[in-house]
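So, here's a batch of structures to check.
In the two assemblies presented below, chain A is common to both, partnered first by chain B and then by chain C.
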Partner chain A sequence: MSSLLSIRDLVVDFKTRAGNARVLNHISLDVYPGEVLGIVGESGCGKSMTALSVMGLVPTPPGKITSGSITLGDEDLLKVPTKRLHQIRGKEISMIFQEPMTSLNPVFRVGDQIAESILLHENVTKAEAWERSVKMLEKVGIPEAAIRARNYPHEMSGGMRQRVMIAMALACNPKVLIADEPTTALDVTVQAQIFDLLKELQQDTGTAIIMITHDMGAIAELTDRVAVMYAGHVIETGSTKDILTNPHHPYTRGLISCVPHLEKNPTEERPFLQEIPGVVPPLTELGKGCTFAPRCQFQSNTCLADRPDLTQITAEHSVSCYNLEKVLAQ
Partner chain B sequence: MSILTVIARRLLHAFLLVLAVLILNFLLIHLAPGDPAEVIAGEMGGATEEMLQQIRETYGLDKPVITQLGIYLSQALQGDLGQSFFYNAPVVDLILGRIGPTILLVIAALTFAILIGTMLGVLSSHKPKGIMSGFVTLFSVVGYSAPIFWTGLMLVILFAWTFPIFPIANMYDITLEGGFFARVLDVLHHLVLPALTLGIVYIAQYSRLTRASMLEILGSDYIRTARAKGVGEVKIYGFHALRNAILPVVTIAGLQFGSIISGAVLVETVFSWPGLGTLAFDSILARDYPTVLGILFFSSLLVIVANLITDLVYRVVDPRIRTGG
Partner chain C sequence: MSASEIHSVPKSQHPLVEAARAFRQSWAGVLGFILLVAIIFMAFAGPHIYGVDPFEIVWAPLTPPGDTETAPLGTDYLGRDILAGLLHGGAATLYVGLSAGLITITIGILVGAFAGFYGGAVDEMLMRVTEFFQVLPALLFAMVLVTLFTPSIFVVSAAIGVVSWPTTARLTRAEFLKIRNLEYVKAARSIGAKNQRIIWRVILPNALAPLIVSATLTIGVAILFEAGLSFLGLGDPNAFSWGLMIGSGREHILDAWWTVTLPGVMIFITVLGFSLVGDGLNDAFNPKLRER
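Presenting the complex of A and B:
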């Protein structure tokens, strides 16, 4: 199957006072029609920056897309003229954000904000666009949608606002929806509702979703494939099942064992709450070697001297690590 | 809360406020040094002690201040602000004859300030370190720090003398013959320079204010959302961001209405604009208590009305206020 959206060798740099920070370092990812791709990693690993690059929303300056390509169909999004980019945003690719409380414009009615998206991309009258935005609100499970459409954002709860964001993002039936930690700011019961909603809409519309999260539970529940990122690199990709049951990279293993559990008698090997020792190194001070090496219990001289490439181990599963044998033996 | 309840409540507040203003003004002006009877007598070419006494009796100046206040208030509530010592005419008539031009001037200045100010602010927020932004910053520093009478004179020299585009002074051309429209145009033509002079400080302020709030809003999440759905830059700046950035300007403009009226005194003097300002200036010099009081009363009334309008406008532009009550 050919990919819908394909990111190749994407490099994004940020100029900071401490020097040049390479926030994305030769990232390659593919999104296939109708799938849910999860991108997982710690804060600052480049998950959101990948999403913003696809949307063409990297804040420039200080950021800059240095090289690479992002292809949607047969267009390179990094090369299309601005006007075309405006047509693509919201129509072909749309995005929902982490902060539903601040992501809607406070002075416009939510119905109008959804309708605006429809009016921008489709040849419809204002009345038709309004009608469709009410329908979208119904679709995302907002009761009394016709009345709620006339509400302002401050008259809604966080969960409701995120539903509005989803309605807005899906209003023009995009091919790809990027969800950047859509539930981080919401409480747990609402999180589950939003996940269910996304899953349901995804099955309904067949929109491919890029799900950015640091929540392994969300990964397990929603995604078909996963890319694990660390300090601007993709260090492991594979089907969700492979990654969760048979992780190869020491970092992926660490992430999975970090999920707290409720066993009555935590053992030494599986304590109640596990952590990965150390912190993500500053992006301005990445050495030549593997970015995870300083925190890795398997590190060897090779790891410190040279960065491992992403190597295919099965048709779907790739990982970048020199010491796979040692890791798997443990 | 319905809009009518809000208006009714504000009107009640306004009434109490006006009463307080009347009392305070009255007491203040009687605390000030100077005896109006002597000024009136001086106008008449000097007077004996007896005549002074007579003048005081005529105008009720011999009674205790509290009694005078009582008389003044009861008359004021019936719409009578007394008789001018100096012009020898009812104060209400004097003021009503002059208030129109002042309101016109103040509203024109405010319109200039809001339109030009926000426009400059939006332009300079586009590239905050660019040439346009630097120019706007320079303009607002000069506009804000230059005294109003100096700005007025400079504008007169530039646009009425060197390049005679606008008339130097007055509100209309008395020699003009023509219909209603010709006269309206003539007044507008005369209005440009004084309104610009009066407005320039506020243009400077609002451009800074708009620039700062635009810069903050342009970095906000909902602007990113708008970009993510494919809204073009012009609409982002001119609609999504500006609609939010205008809120502080509305607040400040409402609060500043009073100071614009006091600025009008100077501008009217420079441009011989036949408004309340020139009347105020003359009657203060003449110790014409009733007229000064009347003008203070009317200008506080204008400020109160302006604040009421601001509140209502704010409810329209910011939906969050509506539910807050």
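Presenting the complex of A and C:
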């Protein structure tokens, strides 16, 4: 199957006072039609920047897309003129954001905001756009949609606003939907509802979803494939099942064991809540070696001297680590 | 979803409608509003009810108020009716205030919006121009402008507008700098909105509250400005304004107080009205003050 959206060797740099920060370092990702790709990692490892690059919303300056390509169909999104980019955003690719409380415009009715995204891309009358936006609200599970469409954002709860955001993003049937931590700001119960909704809509419309999260639960529940990112690198990719049941990279293993297990008795070696020691290093101070080496229990001299490439181990599963044997032996 | 069964959908209210309700609860705003309505009524209906030409000589010069029924509020140094002057002068004064306010707001919003939205070199350039206008002594600069052209009511308004826009521009810029990085601007971009649309349809409506407050205050300042220019003899001699009355009476301040005090009181009430309305709007738009 050929990919729908393909990111190749993407490099994004940010100029900071401390020096040049390479926030994305030669990352390559593919999104296939109708799948859900999860991107997982700690804060500051480049998940959101990947999303913003695809949307063409990297703040420039200080950011700069140094090299690489992002292809959708047969167009390189990094090379198309701005005018075309405006057509693509919202119509071909859309995005939902982390903070439903602040991502709707407070002075317009929610129905108008959904209608706006239709009017920007399709040649319809205002009345038709309004009707469709009411239908979209119904589709995302807002009760009494015709009345609710006349509400202002401050009259809705966080979960409802996130539903409105989803309606807005899906109003023009985009091929790819980027969800940047769509549930981080919501209650656990509402989180589950939003996941169910996304799953349902995804099956309905066949829109491919890029799901950005640091929640392993969300990954397990929603995604077909996963890319694990660390300090601007993709360090492991594979099917969700492979990644969750047979993780190879020490960082992925760490992330998975960070999720507390209620059913298992905590022991000395396996406490109730495990953690990965240390934090993501400042991107301006990355050495030559593996970016995870300073935090890795398997680190060796090779790791510190040279950065491992992403190597295929099965048809679907790739990982970048020099000490796989040691890791898997544990 | 059973949320609808548990509690009914709240009645939808535009933020401006809510602000209007808060405005009605502010005594300052309501008082200002009443004052303004009275002044506007006087300025537009007054001349029709009291049909005396303010330029016409009706009685002996410098007659104090109450001395004759022909001119109940006295006459000025030429024997013209002060009451007729007060009634006719309102329209010109309000006209100058409103049009100067409009010019101020228009230039200020344009400059501030572009500077705040685009940032970088555009911001630098526009802000240097703004500072250039800010460091010029406003009254002096306005006097120069009025002297360069024939002092008509339009030139006076334009001159006031041209010297007072920098404050509005700075306010607009600050609002734009704050709003342009908010999530809903990013969200608007992500559905494909272009820059111009984001400036005028996304950011500006959200920046409007402080701008409306500042606009009302600007009108008050513009009216004072017009009075100042007229006092110095630079007003439009053909348009009967309160400022012109004060200006023509200034040599008789000591022996005929009513020639300057009465139009002065009118200006005071008008400016007070605009300021109070501005205060009321400020309270209405500030949700933190609403609960008090």
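We take it that the second predicted complex is superposed on the first by the 328 of 330 C-alpha atoms of A that agree within 3 Å, B and C clash if a C-alpha of one lies under 4 Å from a C-alpha of the other, contacts with A are read in each partner's own complex, and residues count from 1 in each chain.
The rule is simple: contacts are C-beta pairs under 8 Å (C-beta built on N, C-alpha and C of every residue); 3 or more make two chains touch, one makes a residue touch a chain.
Treat the numbers as computed from the prediction; the structure is a model and nothing was measured.
Student: Clash or fit: what happens to chain B and chain C when chain A is overlaid?
Tutor: In the arrangement built by aligning on chain A, the partners chain C and chain B clash.
Student: Count the residues of chain A touched by chain B and by chain C, then name the partner with the higher count.
Tutor: C
Student: After lining up the shared chain so the two structures overlap, which partner does A:Val319 touch, if you call chain B first and chain C second: first, second, both or neither?
Tutor: neither
Student: Return first, second, both or neither, reflecting whether A:Gly141 touches chain B, chain C, both chains, or no partner chain.
Tutor: In the superposition, A:Gly141 contacts chain C only.
Student: So, A:Tyr152: does it touch chain B (first), chain C (second), both, or neither?
Tutor: A:Tyr152 contacts both chain B and chain C.
Student: For A:Leu120, is the partner it touches chain B (first), chain C (second), both, or none of the two (neither)?
Tutor: Once the two structures are laid over each other on A, A:Leu120 reaches both partners.
Student: Let me test your reading of the model: by the given contact rule, A:Met95 touches which partner, first (chain B), second (chain C), both or neither?
Tutor: Once the two structures are laid over each other on A, A:Met95 reaches both partners.
Student: Of the two partner chains, chain B (first) and chain C (second), which one does A:Val107 touch, if any: first, second, both, or neither?
Tutor: The answer is both, since A:Val107 touches chain B and chain C.
Student: For A:Val226, using the defined touch cut-off, is the partner it touches chain B, chain C, both, or neither? Pick first, second, both or neither.
Tutor: After superposition on chain A, A:Val226 lies in contact with neither partner.
Student: Using the superposition described at the top, list the residues of chain A that contact chain B and also contact chain C.
Tutor: Correct list for chain A: 55, 57, 86-91, 94-95, 97, 99, 102-109, 116-117, 120-121, 152, 154-155, 165, 168-169.
Student: Considering the complex alone, what residue numbers of chain A touch chain C?
Tutor: Answer in residue numbers: 55, 57, 86-91, 94-95, 97-99, 102-109, 116-117, 120-121, 141-144, 147-148, 150-152, 154-155, 165, 168-169.
Student: Report the residues of chain B in contact with chain A in the complex, numbered from low to high.
Tutor: Touch residues, chain B against chain A: 220-222, 224-232, 240, 243-244, 317-320, 323.
Student: Of all residues in chain A, which touch chain B in the complex?
Tutor: The touching residues are 55, 57, 86-91, 94-95, 97, 99, 102-109, 116-117, 120-121, 152, 154-155, 165, 168-169.
Student: Any idea which chain C residues touch chain A in the complex?
Tutor: By the definition above, chain C touches chain A via 1, 3-4, 9-10, 12-15, 182-184, 186-194, 202, 205-206.
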